[in-house]
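Pasting the structures in now, so scroll down.
You will see subunit A twice below: alongside subunit B first, and alongside subunit C after that.
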Partner chain A sequence: MGAPLAALRGAVAELLANPRALGLQAGIMALNDGAWIGFWWVFFQRAGTVRGWDFDAVVLLWSVLTTAAGLVLGVLANARRIGQMVTDGSLDAVLALPVRPLPWLLLRRIDGVFVGDALFGLVLFALAGDPTPARAARFAVGVVAAAAVLTGFLVAVESLVFFSGGGRTGELGFQAIVLLGSYPVDVFPAALRVALHTVVPAAFVAAVPARLVDAPDAGAAAALLTAAGGFAVLGWALFTVGLRRYTSGSAWTRA
Partner chain B sequence: MNRRWAAVAVGAAARRTAADRGALLMTAVFHLLVVSALGSLWRAAAGGETLGGYDADALFWYIVASEAATVPVAMRLIERIGDDIADGSIEVELVRPVGVLALRLAAELGATLPRLAVCGVTGAALGLLVTGTAPPAGAVALAAPALVLAVACNIAAQHAFASLAFVVRDARSAWFLYQKLVFVLGGMLVPLELLPPWLAAAARSLPFAAMSYAPARLLSGEGEPWLAAVQVAWLVVLTGLAALGFAVGERRLQRVGA
Partner chain C sequence: MIEVEGLRKTFPARRRGGQQVEAVRDLTFRVGPGERFACIGPNGAGKSTAIKMLTGILHPTAGTARVLALVPWQRRRDLALRIGTLFGQRSQLWSELTPRQGYDLLGAVYGLAPRAVRDRVGELAELLGAAGELDAPVRTLSLGQRMRAELAASLLHEPEVLFLDEPTIGLDLLAKQRFRELLVRVNAERGTTVFLTSHDVADIEHVARRVVVVNHGTLIHDADVAVLRRTLLATKRVEVRFERPPGALDLPGVQAAWRSPTELDLVVDTAARPIRAVLDELLDRGEVADISVVDPPLEQVIAAIYRMPVGP
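On to the complex of A and B.
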C-alpha cells in the first residue's frame, strides 16, 4: 500500500496548496446541493408523499448520494478520467512507475469541487438524518458500499475505451448513474427500476443504502454488499484486461 | 464580410455542431435521461389528479419542453466568455469588421440550434411514448418558436452576465449562480404555478422564465400566446444589456504583455 498512499499524500498536498480555491470550489458545490434540497422541499410541499418517499426520505437519499459521490468523484477523481487518459496516451506516465496502475491512478488526483459534495452530505446527515449511533453506523457502511458501486461502475465504463478505442461511454455512464441516482427509485417505471438495479446501478448508489439507514433489511443489505463487491471486481477486471490492449501514446509526463 | 454575415455565422456554427454526431448523440441521451427522471417524478406526483392545473400528461410535456429549452444551451458559456475576456483572447475579435457581441451571439445561436432540434425530436418521441397523446397542434405551433426565443434569451443573458468579466476579470463562478436561477426561477424543474406564491411572483417578473417556463407552459397546452411576446421583450432587454456591457467593457479593455 506504500505507493498508493504516497500518491494520495501527493494529491492532498496539491489540493491544500491553494486553500482559497478549494474553499470556493467546495462552497459552490455545497450551494448547488443546497439548491436541490430546496427543489425537493418545494416538490414535497405540493406532492405530499410519492410512492412511499417523503421529504425526509429524500434528504437521507441525498446525504448518502452526495457523500458517496463526493468521495468517489473527489478523492478518486481519476476514476472519471481513465477513458481520456487511454485515448490521449497519458497512461504511459503511470506504466513507467513500479506500482500497480489502478490504485495509484485512482488516488493520484483529488478534485476539490466534489470535496464540497462529501462535506455537504455529512453535514446534511448530521443535521437532518437523526444520527443516532446505530443510524450513523448504517449510514457509514451504506456510503462505503455506495462508493464501491460507483467506483467500480465508473472504472468499468471508462475501461470500455480500451476495447472501443474511443467514444463517450464513460461520460454517458457517469451522467446516467449520478442523475438517475438522485431521484427516488420508485418513481420510475418497472423496466427502468430493473435497469437501475443492474445495468446502471444507480439504486445502489443512493436509494438502497438510504432506505437501509431508516429500515434495516437483511436482504437489501446483502444485495447492496453483493453489488458493491460485484462492481468493484467488474471495474478491476475490465481495467486489467483492457490494459493489455493499451498501446503507448509516448507521453511520459502527464497522469 | 457583407451584411449577410449573421446568417453566415449562424450557418457555419450550426454545420460545425451538426457534424459532431457523437456530441449530438450525447445531448440527445442526456436530454432523454433528464426528461425520463424529472417527467416520471412529476407524473408520479400528479397521479390521477392535477397539480397547479396540470395533469400528469401536461406535466410530462412541460418537462419535455423546459428541458429542451435548456439542455442545448452551453451552461458554462459565461465561464468561457469570461475566460476569453480575462486572458485577452477576445482582442483578436476586436479587429474584425463586425461587432464582437453580435458575432458571438450569432455563432452561439447557430451552434445551439442543431442541439435544440435533436432535443425537440427525442423529447417529442419520449413524450408520445409515455403519455400516448400528442399536445394540441396549436400548442406545438406556439411552443416551437418559443423554444428558439428561449434559447436566444438564454444566450443573450449569459453574454450580459459574462460582460462583468471586463470589470471583475473573473466571472467563472457566475455561471453556477446563473444556472440555479434558470433551474428554479426559470421554471425548468418546477412549473411556476407550483412554487410558493411569493417566489412565483418574483419569478414571473424576472427574465429567467422566458428561458424555460414560457415554451414549457405553451407546450403543456395552456393557450397563452402573450408569453411569446414577453420572451421577445426580454430578448430585446437582455441583448441591450449585453451590448451595453460589451461596449463599456471593450473601451476599458487594456492589452497586457507582448
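On to the complex of A and C.
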C-alpha cells in the first residue's frame, strides 16, 4: 500500500468512525440540493426555457455539478484548506513524512457534508438523467474531468497564499466557481462567459460536461479535457513552486 | 551526522514596505552520532526555523546543511525515511483513529510490512509504557498520553536521528518529567541521536548533554551542559551547617545569609574569590557538620547568556 492509499484509507476510517454524524451531514446537504432542484422546477414552470436551457438540462447540470463538487470538496476536502494549512503551519506534519505532499494532503481528509452532494448528484442522474449506458459513460467522464478542473483551480488559488502570505483568495475562488457553476452558463453576458471558460472555469465544472451528456461534441470534449489537464498542471505547479516559499506559518505573523 | 554551515533564513515582510525577518543568521555547528543535543532559546529565537530547515520542511535563504549526508531540503523524502520528527503542536496521528490504526497507516507510508509494524509497536509500547493507550481514539487521550503516542509514531521506522521541536509544551510537570526520561531511554537503548529544541530549561537540563543557545537567530553559545553550568556563571552557591555557631567569618566578596545561628548560605563570585579560599575559611572558623557546593540553576545560566551582546 503506497502513501496516497494509506492517506485515503485513514480518511475513510476517520469518516466512518462517526457514522451518525456522517449520515446527518450528508442527508442535510442532499436536502439542500433537493431544495435547489425545487427552485429550478418552479422557475422553469413559469419561464419555460432560458437561452436554450430547460428544466431537464438544469437537472443534468446539477447532477454533474453536485457529483463533481461533492467528490472534490468531500473526498479531496483539503483542496480548499491548503491556504489555511500554509498560513497556520499545518503543512509541517505533511512535509515531515516521506510522501509527495500534494497527493497526501488532498487524500488525508474527507468532509462528510460534501459526500452528501456527491451522492445526491449520482441519485439525481440515475433518477432523472436518462442513464443509458452511453449517457452514463459520458456522465462519468464529464464528472471526472469537471472534478479535475475544480481540484486544479482550487489548489491553484489556494496556493497563491504561498506568494501573498495571507488573504482569502482560495475562499473567494471556491465561492465564485461553485456559485457561478450552478447556473446555466448561457444566462451570463458574453464577457463573463469567456471568464467562466478561462479565469474562473465554472463552465467546465458543470455546463460543458452536462451538455456533453446530452449532445456529444468533439470540440467541447477536447476543450473540457484540455481544461482538466491545464488546471491540474497549474495547481500542481503553483503548489510545487510555492512550497519553496513555505514559511511554516509563524514567520508571517512576526513580519 | 548533522553538519550546519552558515545557515540563514530570512522571511519576507508581510506588508509592503515592512521589514524582513531574519529568523536564522549564519548558524554553524555539528552534531555527532548518538548525541543528546539541544538548541535552546526564547520564543522567536530561530530554533524552530533551524530544526525545520534540518528536516527539509523549510528551504534556507543561504548556507548549507547535511543530515545523515543528505541536504535536507533537496532530499526531504529520503531523509524522512531515516529521521523521526516530533513537533509539540502538530500531530502525525489521526484524531478519530486509535494510535494502533495510525501506526498501521504510517507503517505503510514508511514501507514497513504489517508484521514488522505489529512487532515494532509492541516493542515501542513496552519501551514507552504506552500499551494501555494503543486502542483508544487519539482524540480521547490526555496530552501526555498523546505525546507518548506521537513519540512512538516518530520512532516507528527506527530513525537514526530524532528531531523534537518543543515536545513538552503544554504538558504538566509529571508528564514532562516522564517524557524527558523516555527520550533519555530511547537514546540509551537505541543509540538514537536526539536533537531537541525548547525554551524550557528543564528539558535541556534533564535530556541534553550538549546545548547550543540561539538568540535573535544567532548561535551565541555551544557547550556541554555541565561545562555551561560550571564556567559561564562565575558563581557558586555554598550551603554550610555548623555543629555550633562559628566565630566571626572573614569573607570579602561573598554574599552571606544566615538561615539559623548554625546554617549559612553563601553566593561566591569565584572570579573575585576562589571557592577553595572560601571553604578553607569556613573549615578554619567553625566545626562544619555538613557542606555542599551547588552550581547555579541552569535558568540563571541561560538568562546570563541571553544578556550577552549579540554579534560583532
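Some notes on this structure:
Rule of thumb we're sticking to: the second predicted complex is superposed on the first by the 247 of 255 C-alpha atoms of A that agree within 3 Å, B and C clash if a C-alpha of one lies under 4 Å from a C-alpha of the other, contacts with A are read in each partner's own complex, and residues count from 1 in each chain.
Keep in mind that, in the parts below, contacts are C-beta pairs under 8 Å (C-beta built on N, C-alpha and C of every residue); 3 or more make two chains touch, one makes a residue touch a chain.
Quantities reported herein were computed from a predicted structural model and do not represent experimental measurements.
In the superposition on chain A, A:171 makes contact with subunit B only, while subunit C stays out of contact range. Applying the stated contact rule after C-alpha superposition, one finds that A:218 touches neither subunit B nor subunit C. Of the two partner chains, subunit B is the only one that A:187 touches; subunit C does not reach it.
By the touch criterion defined above, A:24 reaches subunit B but does not reach subunit C.
Using the contact criterion defined above for the overlaid structures, shared-chain residue A:42 touches subunit B, although it does not reach subunit C. When the two complexes are overlaid on their common chain A, residue A:50 makes contact with subunit B while staying clear of subunit C. Annotation: subunit A has no residue touching subunit B in one complex and subunit C in the other. Residues of subunit A that touch subunit C in their complex: 1-3, 5-7, 9-10, 13-14, 17-18, 89-93, 95-100, 165-166, 244-248, 250-255. Residue ranges on subunit B touching subunit A, taken from their complex, read 22, 25-26, 29-30, 33-34, 36-38, 40-41, 43-45, 51-52, 173, 176, 180, 183-184, 189-190, 194-196. Of all the residues in subunit C, the ones that touch subunit A in their complex are 11-15, 18-21, 23, 44, 48-49, 52, 55-59, 76-78, 80-81, 85, 87, 90-92, 94-97, 101-102, 105-106, 108-110, 137. Subunit A makes touch with subunit B in their complex at residues 24, 28, 31-32, 35, 38-39, 42-43, 45-47, 50-51, 167-168, 171-172, 175-176, 179-180, 182-184, 186-189, 192.
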